[in-house]
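Multiple structures are listed underneath, in structure tokens.
Okay, so subunit A shows up in both of these, paired with subunit B first and subunit C after.
This part shows the complex of A and B:
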């Protein structure tokens, strides 16, 4: 067995660019999925009943589907349904957003529900409106509790971006496997791919642990 | 747009074999990762001191690397080092177990640590051995408290088996994609796959939650 690790160094530019795409996908997805998640959570909690049911169905459906199926679905079905020719990157982003929004919505809903009703009642007894009570009493506490959950969703999302490689989005997993196919340096490229994910993901996982300690719930 | 669901009924056995493999892989990898996770957690909690950093490194690494990468590495790279050939199913089972055992270990650890240390000290004072304490005091309470987390781990397991399609395991995701490509009817095929996955996953999460509510009092102390 002889290994030739120089192949990794030779393709460093492609790998760097692909890593950039992976990070970009993570940021872009979260940037869209947080406001969308808040909106869906609000619909689930306060909207007109049929809308509430619709929001609940959406959340339950996407939390109970494998992401890779959603990615394939977006790739094959979105162009037919919308008539748009989306790029693989946009398609992958759409699939990730659909998935993460459902998780975020559930997180926000649970966070808001975790604040005891008595607090809202007390705030209203002091003369606050319902909206004021939500904004000034519930959300500041809920957000604190939500932070660690959002952080671990972030790490999952970072890892899940690898799944859009199946529709040829040129992120890290796809590019590494392309180079593997061209150079036949299977072990070297796959190990390099794992190493890059590890280098990026390990600090994030540690950060989540820290946040869970830092934002531990005490009432 | 009109839909023609005969593509599903015409290929029921093709899709059915995919469903069977998905279920088989889910049950097998769920079981193996649970057992492996238990041992990993016990090593982390009670093992020799030199082993602990290694166990922590393994767990945190698995939390940092995507399943896809673990599966692809196990299927394509591991045989080169180990000099063995593996079927895709075997590789998926090994890859999923290695990945999910880390999560299972974290659940077990959290469950064990949720039992107040005062109870172990009290048991020690009563003259119980370490093994007795784990078996008779800690685990009976911890196991019940781990249930909801194991429920979501099981649903993650089922979802992760879909990623095994990338290394050509002929499970539901793979069969659906093949059929969608050949029949040019992706909407019907993927809708069917979504329905099947939802029907597999939804009862798992709900069922475990319901079961937990019935036994939750056993975990209180």
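This part shows the complex of A and C:
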């Protein structure tokens, strides 16, 4: 068996652009899923009962569905439901956001619950509203505690973006598979893809380890 | 408890009534935590609430600023019944400082930022003004040099003094202390009590739930003895500590080894 690694170099521009899309998808998903996660967590904790139940249903639904199914669902069902013709990229983003928001909501809820009641009472005794107490006292502490969990979610998300390749989003996995199909260089392309994911993923994982130490809570 | 018993021998009784409790009832499910509390707190007075654990002292304090709601009776603050509306209640809370047994400093903020937080977020002061006020309050409790420290780097006594400064930064009309020294090492209790004594000397109106009988005897102007959700006796410290009129008060004090 002979290898021809030049195929990777020949397609470097396409691979670079695809890697860019993968990174963009990761950032965009988190940028939306963090505030949405906080909102859903707040709804689960403080909202009027029916709204609370709705938020809980959302979390339990999307946390327990395979992401790839959500991706397909977003591709086939979402346009029918909403009447919107979204691009594959936007559809993939929507699917990832739906999934990661559910995870983030649970992470934030756990973080908020871990802050003891006395902290909120101290804030309220100063005359703060519940929202002010949440924003100024509870969330800053909760964020520190859950930072490592959020970072782990981030690393998982970075790899899971490859799942949107099934709806032809031109991110790294999709483009690498396309090149493979055109050149029949299976091993080379899979290796190149693995190398790129790993080289980008490993520093992120190390960053997570560093954050675990940096944000250790001392009381 | 009849009305005359809430007044006789009261040195500062001429002052305005800041807090008036009348028939206050608090229930947790089937448990009656407070069964008809009558008590007045006058301007400039230090009122100490003493009694065994679980007798309702802390509960009454927490009802005073609406952290707990009441099921019966009235609590009046500066002549107006405690509002039920959240927004109005918040306005009342800004005029009552509260100090907790477990300090409850905000661990993610420095000592200075802890004290500046109320003026900044609630009173909407500019950062410079809030910090200036916070510095002054930290100096008042003798902790000017600890301004940049986080709570985790402070001793229990220092944390509680920062908590007192945090409450004072709101310029409250009354200070509520909920067993402020119960969670402290014996050697740091004194520094907190000294700050409280200094506040009392400056004329601050204070309601203090405490197990520190020496403090209650020396600094208190009026003592209320709690048992099983009722005030069994109230009066000036000389009466309570030297000539208690009820068996329950005598029992309680003798259990603490109080000899007068």
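Criterion: the second predicted complex is superposed on the first by the 211 of 219 C-alpha atoms of A that agree within 3 Å, B and C clash if a C-alpha of one lies under 4 Å from a C-alpha of the other, contacts with A are read in each partner's own complex, and residues count from 1 in each chain.
One rule holds for everything that comes next: a residue touches a chain if its C-beta (ideal position, glycine included) is under 8 Å from a C-beta of that chain, and two chains touch if they have at least 3 such contacts.
Keep in mind the model is a prediction, meaning the values are calculated, not measured.
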First, second, both or neither for A:61, with subunit B first and subunit C second: first
Subunit B versus subunit C as contact partner of A:140, first or second or both or neither: second
Touching partner for A:202 - first (subunit B), second (subunit C), both, neither: first
Which superposed partner A:17 touches (first subunit B, second subunit C, both, neither): neither
First, second, both or neither for A:125, with subunit B first and subunit C second: second
Residues of subunit A touched, compared between subunit B and subunit C (which is higher): B
First (subunit B), second (subunit C), both or neither touched by A:163: first
Touching partner for A:53 - first (subunit B), second (subunit C), both, neither: neither
Shared subunit A surface residues [contacts with subunit B and with subunit C]: none
Touch list for subunit C against partner subunit A, complex: 65, 67, 86-87, 90-91, 93-94, 96-98, 100, 102, 104-108, 117-118, 121-122, 150-152, 163, 166-167, 170
Subunit C-touching residues of subunit A, taken from the complex the two chains share: 118-119, 121-129, 132, 136-137, 140-141, 144, 217-219
In the complex with subunit A, residue positions of subunit B that touch it: 1, 60-61, 63-70, 72-73, 76-77, 80-81, 155, 158-163, 165-166, 173, 176-177, 180, 186-187, 190, 193-194, 197-198, 201-202, 205
Contacting residues of subunit A [partner subunit B, same complex]: 1, 60-61, 64-69, 72-73, 76-77, 80-81, 155, 159-163, 165-166, 173, 177, 180, 186-187, 190-191, 193-194, 197-198, 200-202, 204-206
